[in-house]
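Both complexes below contain chain A, partnered by chain B and then by chain C.
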Partner chain A sequence: MTATNVSQLPSQIMRSVRGLISAPFPLIGTLVFLGFLILAVFGSQIAPYEFDNQDFDARQPPDCGLGVLNPLRNGCDHPFGTDNLGQDVYSRVILGTQEVFRLAGLGTLLAVLIGTTIGLIIGYEGGLVDEIIARLLDSFLAMPALLLALVLLGSLGDAENSLFLVLIIVYAPIVARVVRSNVLEIKTRGFVEAAQLRGESRFYILFREILPSVIPALVVEASLRFSYGIFLVASLGFLGIGAHPPTPNWGLMVSDARTWYSIAPWMLEYPAGAIVVLVIAVNLMSDGIRKLVQRTS
Partner chain B sequence: MTNQTDTPVLEVQNLHVSYRANRSWYEAIRDFEITVYPGQIYGVVGESGSGKSTAIKAIIRYLGKDGKISDGQIILGGENITRKPRRQMKRVWAARMHMLPQNPFVALNPSIRVGEQVAETIRVRDGLSRRKAREKAISMLERVRLADAKEVSHRYPHELSGGMQQRVVLAMAFSATPQILMLDEPTTSLDVTTEATMLDIVRELIQTTQAGAIYVTHDLGVVAQLCQRVAVMYAGEIVEDASVQDLYTHPLHPYTIGLIACVPRLGQTKEQAALRTIPGRPPSLQNRGMGCIFAPRCPVALEKCFIEHPPLEQTADGHKVRCHRWHEIASGELVVEQAFQSGLEVSEHLEREQLLVAENLTKHFDVPRGLLDFLEGKPPTTVKAVDGVNLGIQKGRTLGLVGESGSGKTTLARMIVGLISRTDGTIELNGQPIGNTVRQRSRDALRQIQMVFQNPQDSLNPYLTIGQAIRRPLMKLAKRSHWDAEKEVRRLLTAVNLDESYVNRFPAMLSGGERQRVAIARAFASVPELIVCDEPVSALDVSVQAAVLNLLARLQAENDTSYLFISHNLAVVGYLADYLIVMYLGQIFEVGYGHDLFAPPYHPYTEALVSAIPVPDPAHKTQHIRLNNDIPSPRNLPTGCRFHTRCPRKLGAICEQEVPPWQEDGDGHYIRCHRTIDELIRLQQSTPLPQAEEDSSW
Partner chain C sequence: MVIFVLRRLFFFLVTLAFTSILIFLLTRVLPGDVARIKAGRDAPPEAVEQVRQELGLDKPLPVQYFNWITNLVRGDWGDSFTTNTPIYPDVRQRLENSGRLAVLTLMIAIPISLVLGIVAALNEGNLVDGLISILTLGVVSLPEFVTGIFLINTVAFKWAKNWDWLPFELRGSASGFKPEMSFTESLPYLTLPAIAATFVLLAYVTRLTRAGVIEELKRDYVRTAELKGLPYPIVIVRHVLRNALSPTVTVIAISLGWLISGLVVVEAVFNYKGLGSLLIFAVENRDLPIIQAIVMITVAVILLANFLADLTYAFLNPRVRLGR
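After this line comes the complex of A and B, so read on.
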């Protein structure tokens, strides 16, 4: 506890790095996630076609198979094939990444921000305010996320903005609960009380003194929420809510492909595979983050 | 001592324990040897990180995955158990070896009644019938002096206090006839009064069963009062090993000499001399040098000490020591002196103007009702944590506040600083009334009262640097400019004996003692007039504790700051406090000077606290006043005098019916008791109470 502390920080990082290599799944998850992130950012440059570009001559199965880096090589115009409307599945999956990150990513981010703020405030204030709001949040959690989303979208109208609102309403309470339980423990620590004795404002205490100690738990929670967010957005797309053709929404693509599955299975396999791979990757990554955080704290 | 001729129950020779860190092994314990005879309690003393717990974990063969015994032998009752497979060890653990952990709660199953848990061990081990086992369990609980053992046996662990839980674990250990018992700081988290009782029980059980025991602790007082022989550990090695009398009267190792000198004695005050300290830090176990491990901190180290590792040598009378210069120390040629500082000068007139006056301070907590109680219309129960306390703190003086846990002393402190609101009462600072809580107080009132917290681990924000932590109160409360604050941070760090380079470090890089120094610097940053210190040294090691106490005393003298100093350690309070109040169940029972702790008259409660202190001197015979019951629940306060249920000097029915008056000795010493001061002096100077009388109290 004494002399070793000085040299502990760098060695802790080293240990984390070594731990990451010895247990490769979190690392793989992170790399795959980063790959999708690149697709999302540079999707328009990478995708060979527009998402609604129709090639009526080429309603055909992919003839180059997976793993083709340059889809235009050797006449392989459509590595993932085209769908019933002649749209390039490959381009639509890539552009769908953008869609997923925009909806699920932004939605989750908003939910985390709002949830964190609520959790910080009610956890710190305590008393009746906490009692009432915490129970209210609990009541949101009692409903299945998808059902809640359907009800909300039904009443809010089927616009994209409502989708953000749904993600916030579904996930902010969960994040708030996690943050609140952390705050309840942290606020009894000496450094928070020392800040109170200095007459610090609530804002300062919440965001400067308490928030940093919550962040490790929050990062884990946020990454987990993101993976559920992807799933929720895809599920809603599949049900035909919040996304309309010809938007390259993976859920919507899977839904459309169902009818054609027997003759054009690639239409379903690629977007569905994308969902699976991304969700698993994010989960693995959040697992790794959790381990990293536990080790260093 | 009489058992020296017997065969030893446990012999450990040349034990080396290695731990794995970062894929390489390092030696945590080197060359550990210990020989325990039946009926002997062997103390193992050391500061945190000295490897004392690791050593006994190795002996019972309960090291984790990352630890291994790399060399040596462990012989239990003639049988070598060093390499015994785990399955066979289980049988040894069940019947012959037992361990009492520091936290008794982890040793008990929370969902099984304690009587059943004790009975279960007996049933499994001895194959007794359910009823027989239960009867034996209850008799075991009686042997560890649990009042009303039958009733206690039906309770769950969480319904028992820490002291009672520890006794249940002890009952489990002795339900078989263990050959050796390992006690790993079993009383560290208990109050002095509970600790004293616990030590009595351990002493008695070891004597009657003739088991051997190893008692691991950091408390030199406990060792002096309990053990026959003691090994002193430092950085994974035994540096000295001797009989208790020998060790305390003629310590040979410079570390032991320093350690014994560090402990504040009851009767020592800050005016007499500063406490002695051991400068420096213990070395990291991963990279110990080739020489003596203590050499870097040793005041008498020679060049040789840094190069050559000293062996554990045995003197003529069985005293073992690991030092190159022990011959010189033994013959008296070499005197090991620590940095010695003279005491602080205190002006002759102790009386000064009052800085803070609190009247009728009261805190009642409402215990939330269950739904059923609510429906039945029961009124909510009120806990009177602090009940009508008056106190005054003088400018530049220290008011010591003493009491067991549950006496309300922390609640009182938190009301004064404004962290919790008060139910009733007024607080005046320099004649001006101040607001209820922090939010209702002016900036100036906040600046005047600061606090040092108990736990150094969480009193600093792990995500802010030391510089940021100290700068904030400077800018916020003292309204310094940024540039000015920067300079002041460095000055404060130097004032608390820390290097200026600490400005950019994070708390995780600091030791407990260093963190507490930073917390003290932060408290002094706003130049407050009063600092409330809530057990500031209780979480620190002995040698560090002395340095922090010296620091507090010096800073007080330099800044003319007042302290409200809370501690359960009476020697510490006696050392630092000018005035003293003793609290019990939310009320004050004695008010006096700090040195009133050193001689009668006492309030019977204070008397019990004082006599429970384990004095670090084996020649000292403790008075046998023991408070055997636990402190009553503040939900259910005793009538009359609140102390009557445990009072060793109880008069009779009057104590149960009438609230006692204040007795005054005419010199500023007040005692709240039905007995007069003269009566108390007479009683307390004569021989202590007969044993039978206290037995009847439970």
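After this line comes the complex of A and C, so read on.
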């Protein structure tokens, strides 16, 4: 980045901010995402009950619904009702946020870190190793994510952190592929050649010269992977694989609520709604990030 | 053209080979002893050892892989760990059932999403385009199991309950489906699951079509056709769509992976006896031979579809086959 570019940076940021405000959807998406993030971080403090705390009143209808947002909260014992075991749906939806961010959020983050490292190295080194690893990554990509996840869970079994590991193995190859194709183009540019001629170390060239140019594409990819990750975690939970009751996994909650739908629809509606709202929010946000990156680059 | 086909065929086979190795390794190398899974958790060490020899697990990995893949090609897919019966007949039947559902889904999804994609592209940037993109965004954010449950609970249990013109057993969902039925006979049972699966495809195919048509609209020949005074509809239908829709085969091939993932969930929701629900059963019971066989077939189908799509595309578009 040259000196003139640096001085232009504030105006660039201003332009981005103005763009964000003029297109309200990405902004709304980001705000909703941040709201969920707060729920994930402070979930244990916000949720009135433990996720497996059982009340004697099973399948009690919601007493105030979204009225829980009212700060006074009069008569809000179970805002989203209770399920067939008398567990508080409101608390379980909040603690489910924690579960989603722990699995999909942290899993995606680690997948991005690992995938980026692999992509940077094989893209920069090239040669036979790159060719072989790239083929191997392709064969990972030949399998739909859900299928790959099922194969992994079938052979790993339902161990404690299987789901976490699965997300990393499913998404790291995809990220590596994106990074690799970016690196292949970037490494031909002058500034990389200059660094090589200066005799910089390989580590310096990879992480200080090439990585910054990859970051825009990486941010877009990461937000996209996160939204798919939420889906994957929920779908596997729904299929009853890798998550077991009483874990507050949204997909698992929806699956358990199916049989009770006609008499206790709230058991299904709130966790299903949470999945849909979070996924829409993340999609809007990632759409916004993509446009932002395209505009500034 | 011959060189192009051979090149594509080579890539298809190489990716297939790599993927089969990958599937084999994922089910063998990861922690979890196959012989112990088969013998049972509490089996004595001697029994585990015996199972290990029966399954040939004591041989070196490359030999095991070679045996597995040759048997797979020959149609000998081994025995299920849970039922101890050959898995081939069961998997074949399930494949047929899933294939039926997949075909019906494509028949519903492709025309709708093509129309939506074309309309969005022709209205690029205005209100109609915005509405369609909000629609696809909304649809893509709905998990298949949520749409499936919604369809069952409203269409099947609330509305169809009062439809006296419909025979009673058809008002439920896929549960009345029997594999012996002909395609038309099974249609009523398959419609709801197919609609649920359509939602998955709709967004992707619409977006890809929209992008394709917009790209085509920017080409020089479109301006030429307009400048020589052709009416706009003719420019669109005769020139733009003809070129923009030839990659549709590719679009379908690309979205096949999405369709298959979607079907796994949809089959679970509707309790439909397809490949997906068999896979779930196999994963729950750690029935590795079934898992391997199903995933291998699915990947082979996806790669084959991509290969054929490449060929069709090249056949339709001389630039592709001569350009390389």
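Please note the rule applied: the second predicted complex is superposed on the first by the 284 of 297 C-alpha atoms of A that agree within 3 Å, B and C clash if a C-alpha of one lies under 4 Å from a C-alpha of the other, contacts with A are read in each partner's own complex, and residues count from 1 in each chain.
We take it that a contact is a pair of C-beta atoms (placed from the backbone, for glycine too) under 8 Å apart; a residue touches a chain by one contact, two chains touch by 3 or more.
Note that the structure is predicted; figures quoted are calculated from it, not measured.
Engineer: By residue count, is chain A touched more by chain B or by chain C?
Structural biologist: C
Engineer: For A:198, using the defined touch cut-off, is the partner it touches chain B, chain C, both, or neither? Pick first, second, both or neither.
Structural biologist: Touch status of A:198: first partner only.
Engineer: Regarding the shared-chain residue A:239, is it in contact with chain B (first), chain C (second), both, or neither?
Structural biologist: Second partner only.
Engineer: On the A-aligned overlay, A:128 touches which partner chain: chain B = first, chain C = second, or both, or neither?
Structural biologist: Neither partner.
Engineer: With both complexes superposed on chain A, which partner does A:209 reach: first (chain B), second (chain C), both or neither?
Structural biologist: It touches chain B, and chain C stays clear.
Engineer: By the touch definition at the top of the document, which applies to A:189: first (chain B), second (chain C), both, or neither?
Structural biologist: first
Engineer: Taking the two structures together, which residues of chain A meet both chain B and chain C?
Structural biologist: none
Engineer: Using the touch definition from the top, list the residues of chain C that touch chain A in their complex.
Structural biologist: Interface residues on the chain C side: 14-15, 18-19, 21-23, 26-28, 30-32, 137-138, 140-146, 149, 153, 157, 257-258, 260-261, 264-265, 268, 279-280, 282-284, 286-288, 291, 295, 298-299, 302-303.
Engineer: Per the contact definition, I'd like the list of chain A residues that touch chain C in the complex.
Structural biologist: 135-136, 138-140, 142-147, 150-157, 231, 234-235, 238-241, 251, 254-255, 258, 261-262, 268, 272, 275-276, 279-280, 283-284, 287
Engineer: Quick check on the complex: what are the chain B residues that touch chain A?
Structural biologist: Listed in rising order, the residues of chain B that touch chain A are 22, 48-49, 281-284, 286, 417-419, 438-439, 441, 443, 446, 449-451, 453-455, 458-464, 469, 472-473, 476-477, 508-512, 519, 522, 526.
Engineer: Looking at the complex, which residues from chain A come into contact with chain B?
Structural biologist: For chain A paired with chain B, touching residues are 1-6, 8-9, 11, 14-15, 189-191, 193-200, 209, 212-213.
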